[in-house]
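In the two complexes that follow, chain A is the common piece, with chain B as its partner first and chain C second.
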Partner chain A sequence: MNAITPISRGLAPFEGRLTGITNDVRAAAVGELERLGLPTQKVEAWHYTNLRALSGHAFATPGMVDEGKVTAALAALFGDTEALAKLPRLVLVNGRLSAAHSTTRLPEGVSCTSFATTQDFGTQSAPDREAMVALNTALAEDGVCLSVGAGVKAGAFLLISVAGAGNEDASFHPRHAVALGEGASLTLFELAVSVEDAGPAMYLHNPVLSCDVAEDAHLTHVKVQEEAENAVHLATVYADVEPRGSYDSFTLGLGAVLARHEVHAALRGSHASVHVNGAQILGARQVGDITSVILHGAPDGISRQTVRNVLMDHARAVFQGKVLVERIAQKTDGYQMNQALLLSPNAEIDAKPELEIYADDVKCSHGATVGALDEDQLFYLRARGIPDDQARRMLVEAFLTETVELVQDEAVRAFLMQRVERALKARVSAGEKAA
Partner chain B sequence: MPAVTETREQVEKLGQSSYKWGFETDIEMDFAPKGLNEDIIRLISTRKEEPEWMLEWRLEAYRSWLKMKEPTWAHVSYPPIDYQDAHYYAAPKKKAGPKSLDEVDPELLRTYEKLGIPLHEQAMLAGVEVPEGEEARLPVAVDAVFDSVSVATTFRKTLSEAGVIFCPISEAIRDYPDLVRQYLGSVVPVADNFFAALNSAVFTDGSFVFVPKGVRCPMELSTYFRINARNTGQFERTLIVVEDGASVSYLEGCTAPMRDENQLHAAVVELVAMEDAKIKYSTVQNWYPGDENGRGGIYNFVTKRGACRGARSRISWTQVETGSAVTWKYPSCILQGEGSVGEFYSVAVTNNHQQADTGTKMIHLGRNTRSTIIAKTISAGKSDSTYRGQVKIMPKASGARNFTQCDSLLIGDQCGAHTVPYIENRNMTARVEHEATTSKISEDQMFYCRQRGLSEEDAVGLIVNGFCKDVLKELPMEFAVEAQKLLQISLEGSVG
Partner chain C sequence: MSELLKISGLHASIETEGGPKEILRGVDLVIPPGEVHAIMGPNGCGKSTLSYVLAGREDYEVTAGEALFKGRDLLEMEPEERAAAGVFLAFQTPVELPGVNNANFLRTAVNAVRRARGEAELDAVGFLKAVRAATKNLSMSDDMLKRNVNVGFSGGEKKRNEVLQMTMLKPTLAILDETDSGLDVDALKIVAEGVQNLRSPDFSALVITHHQKLLDYLGPDRVHVMAKGRIIRSGGPELAKQINEEGYTAFLKEAA
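Showing the complex of A and B:
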């Protein structure tokens, strides 16, 4: 097997950085990566998403980003949502924690360290089963380790990634961990954005986030991905939930030329609950992939998943959702729904909702629908004097609102709706120009 | 619980296994030597008195097969198959041909009697003239395939008067070479997949149906497949071509004797429907599933595909899968013709250690094509059952519609039921809907039935039949009755 060199397995874009690694964990990850190679479409979990966008590039360790541009990017983000600006936040610039842009004041009972100092990879991914996680393990430089003490209601917390590649292709692989003690609660609001006019190069953002939710603890995880037009965003989230705990997540995918949000959520204790909701608005030649594996490993668990996609131009959305119910997980209640609205003759949706069930006393269902806007609904609005384009926008917005409304936090929800409206407006006008 | 005792008694009555088709017929057989190589393929081709092009076709398939790998993506596991450790040709020793009843091996006749095939029983087999009125009473024409060879085809005269060709495919290759050559491999190419390539190389018989323009086939056509001999695989090939405006309903049944070792069945079925043509293909698959410890049983690796070539053509697959140790089967429709329709109705039952990975593919190419998928999966004992299906809407399939419903029922806590649909849509005007549920028989349902005096077993039978009703109602009448009985037998011993 020694004959397999990293280059032959599609690892050329990272070649220089994968050699000479001495740390045991990282070296093991490199070994695993060499065995797995970068995923191709022959790998079932990557059947619909290819990583050709990465080939031909050489991703270096990222350089610095102009401070003024970072400030401008953050200001743009909080422009109309004061409520968010007031929240405690941690900001990473090109994958590196930036003290200047982060708040130093943390809520009581919450502690925070950086991965750069702890070098703690956690246990959830070990051994690395996913190639992109192995790549992260091998190259991770920084990240955030948040821990919330037992019984602490920590409120909302922002985790912001600001990126800009400059003139040289770069990749950064932040490693985040969130741990909630018994009965604790936290809303983690993750934002991935880029600075304006960063330069022509592309970047790969490959974060890994591990969440540990203890008994009776509740973690809400909301993510908005608005990376640069030519960026690649490949994120993996692990969430382990103990008895009566919950992991409630929502991801909104808007940016990047290629994005994948992969969630591995495990209900480890009884009466746990997991929500993996999301929405994507894609145009141009964007590819957006939401992949999830929800493992019911204990009885009486509840899992819910609603994902909606709005696709324009040549965009392609991928949904792969697996619900695995182990023999012990009796009385599981699982529901999964994936829907897509195709607004262009060249758009494409590929969906694979999957149920794997070994327990008999369960209630599991999934559904998927794909189609264009409902002509009857459109007619109804038109008949009431609403112009065609406005009527279409209303229907698309309504379609997305139903998922955004699954987010509990009001300020976060308002921000999401604003991003949705903005994205729709931008995509529609871009589409009209193209047409 | 009395129901448990009753169940046990019933099972004991049925002997060690409830597989009542597990008899072996002692007949003189003509075997080819074990193993697979080009010489064996030449031997098969020679025995079948095939033309040169057919041999070349087989060899091409064999050569592609050598380069292919056995698929591993299905949710099934079985020990590696030694493809050299089987006879690829086994035929009942032939006399001059079944011209009269006496010439047919009485053992063979008894086999079919036990199978309960609606052959126009033994007299028809022998080709004995039948009074006019009698034919009308038995409106099913049967082609019986025994191990690798078609042994009898009934009602040929009536059919040929209507212009319908229904004969063993080996005969069709000799008698209608142009027709066969035109369509064979046109839906499932020789190198389509591992098992299809193997079949193309070594298939020994099967049925050929040709329904010419505008003809409504006057009766249902039926094939019974039976694997009998030890160490054989069965590789039958079915080709059904239905011309413009014609229609046919075709039934397929399968059984095999009980054996300790596993036997391979790798069939290929190709359907071609031209403009306004209709094909209804129904299967009751009852190969030997192995004993309660998972020993023996048939590996059923089948490629079935239909092409709706003409506008408004319709292909409908209905299957009741209760047998086989391992099933790998995805009857599919390629919807080319504008407004063509594909349907897939399936009940798959697994018990004991059976494994089934089955489903369908609906490939929408033409405009306004429609497909419906109704799949019901029932798992009991220690079995695993997977629905795996693909719905693919290509860019030109404007106005395409698909509706898919997959329901799984779990009986007992040692089994698994899985659903793996692939939905790929590249046309914005297409509408695709998919629904899947997994549940067990609810206590309320059971209580309701038990309260009305039904035994636990009967209650389960009733509920399962209700669960499968959407599919069973698609079966032709004779088959529906048989299928219901089969469901009950397959699930025996799974309750209590």
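Showing the complex of A and C:
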């Protein structure tokens, strides 16, 4: 084993905030951090994604954000889709719940407390394995604990993070939990955005979300990550699914200079299902990482993963997908597909599928494709009078449409497509020309 | 102007593993406004290459000659500029576009072309009205508009979809590259009617075909025989009949 890692290794950006912690859980997390350090590329799970973007910074507890800017950021989001504005929402500003921007009325059968009051870390997280979760555990200040009563069809709910670093580098580590009772359903729509003119400093958003899905309950989790362009977003999601329950997720990564969406989903009961779908559009020198570990711990489970990446300029995407089928999990049906569209010779994708199967009666498949735009398709569109730039955008959009269509909720899907279109309009022609 | 399209001494080659291969070896062809011309010829004679070169496909390098369309240098134009100027290629193998809705695709194309021609864009209602009328004429179901472009279409549906696009884009020169291949008699008739509906003094067509059947419906003004990258013989509709009866061998000998 390695020698104990000194706190200075990788932890310097947070050092001042990791000392003097008395809470047992937090102290244990700090202990793990000191033992492990922040992950380097020598750690297998972080082989393709390095955290060098954090070094040289000192991340303080974030300050306040100008109220007007927060209001403007929310208006910009809702302005595009009216259906969104009508949904109940909880808003965090720099990781702290903002009563002023949240709606007070919750759907019937839904209760909500803040992590600031409960200080409940839950049971799913594994700080001894996931260093970023240990960091969250040590530094979490606030977050949302949503609970949906048995049998309650709660509809859609917005969880919005608005960030603005200002003049000083800052990090926030919200701790969220969602629990669905038996037969309950909820669509959790998570948005991570920043205010305009956020200031020159960079911020790290390091949320942890734990989901408990009881028998016959259905949690849909859709996330759009549009952080500031110099921000770092490192998120970890845990989902435990009981018999016949489902965790159906889709993540759309657009922002941040470095982003990782890491999911640990476990099918704990028979006939459970887990979907970890997603898409990324990355340009400039962005790095976007979608990592998942799906554990089939019971028979007759279904897991699905379809991830599509659109990469421009010097962007790099990482896809790591591990499917672990325990001996008991007979009749497991697992599918994983990762595809990338490389629009520049300098773009890169690193994909690592991993199947670990101990049961003997399972159906598991995985695949990956990497390619450029199809010249025949491009010519066909141009021969119909559609200008080159527009034709390229159409094809890229079509590539992504096929994953976005996996999202069931029509209003959410429309919002996602509109974010995709917006991101492509700003980038595809420019990226192609740079290439 | 008595010529819509004037091709002179056109040479074009394609890059292959063994170096450039010349496919067009001096094509001369004139199509006046309002006329339908047919090109017939054995496989590999360069018919499809000619259509691709005229539509602007970049795989081919034009090494000599010119093609003037309405007096403009066609070969200098981007594919989308050619479409806007009024050139339409009905593909021999229409391309499938997964994730692209057929109606959206059509509307985008129609409006791109209208914009380039200085015409007002069609709004959703105006477009729907126009496209419904066109699909009805082609015996196409509305369902084909809702599907992704050519994905899961039968051969006949793909060809009809090409004719639908042609109808909506209102070209002055349509190049039909074996649009009749793989069609049954009924589908062939529908496609032929689709072309006939467009006939006017402002519409010309260059029909590439192996079969006389389509030409029977269209009644071409001129028939050209192509071999080894050149037009070796031109004549009236009777030429098509002669080919149908005798094959190409006699023409090839004559040209050699």
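The working rule: the second predicted complex is superposed on the first by the 417 of 435 C-alpha atoms of A that agree within 3 Å, B and C clash if a C-alpha of one lies under 4 Å from a C-alpha of the other, contacts with A are read in each partner's own complex, and residues count from 1 in each chain.
One rule holds in what follows: contacts are C-beta pairs under 8 Å (C-beta built on N, C-alpha and C of every residue); 3 or more make two chains touch, one makes a residue touch a chain.
Please read all numbers here as calculations on a predicted model, not as lab measurements.
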What is the contact status of A:356 with respect to chain B (first) and chain C (second): first, second, both, or neither?
-> first
Give one of first, second, both or neither to describe whether A:342 is in contact with chain B, with chain C, with both, or with none.
-> first
Does chain B (first) or chain C (second) touch A:390, or do both, or does neither?
-> second
Who touches more of chain A, chain B or chain C?
-> B
Partner chain in contact with A:71 - chain B first, chain C second, else both or neither | neither
In the superposed arrangement, which partner chain does A:370 touch: chain B (first), chain C (second), both, or neither?
-> first
Within the complex, which stretch of chain B touches chain A?
-> 73, 75, 395, 408, 410-440
Chain A residues touching chain B in their complex are 44, 48, 327, 330, 340, 342-372
Interface residues, chain A side, partner chain C - complex = 376-377, 379-388, 390-391, 394-395, 397-402
Mind listing the chain C positions that touch chain A in their complex?
-> 55-58, 78-80, 82-84, 88-89, 91, 94-95, 97-100, 105, 108-109, 112-113, 116, 165, 169
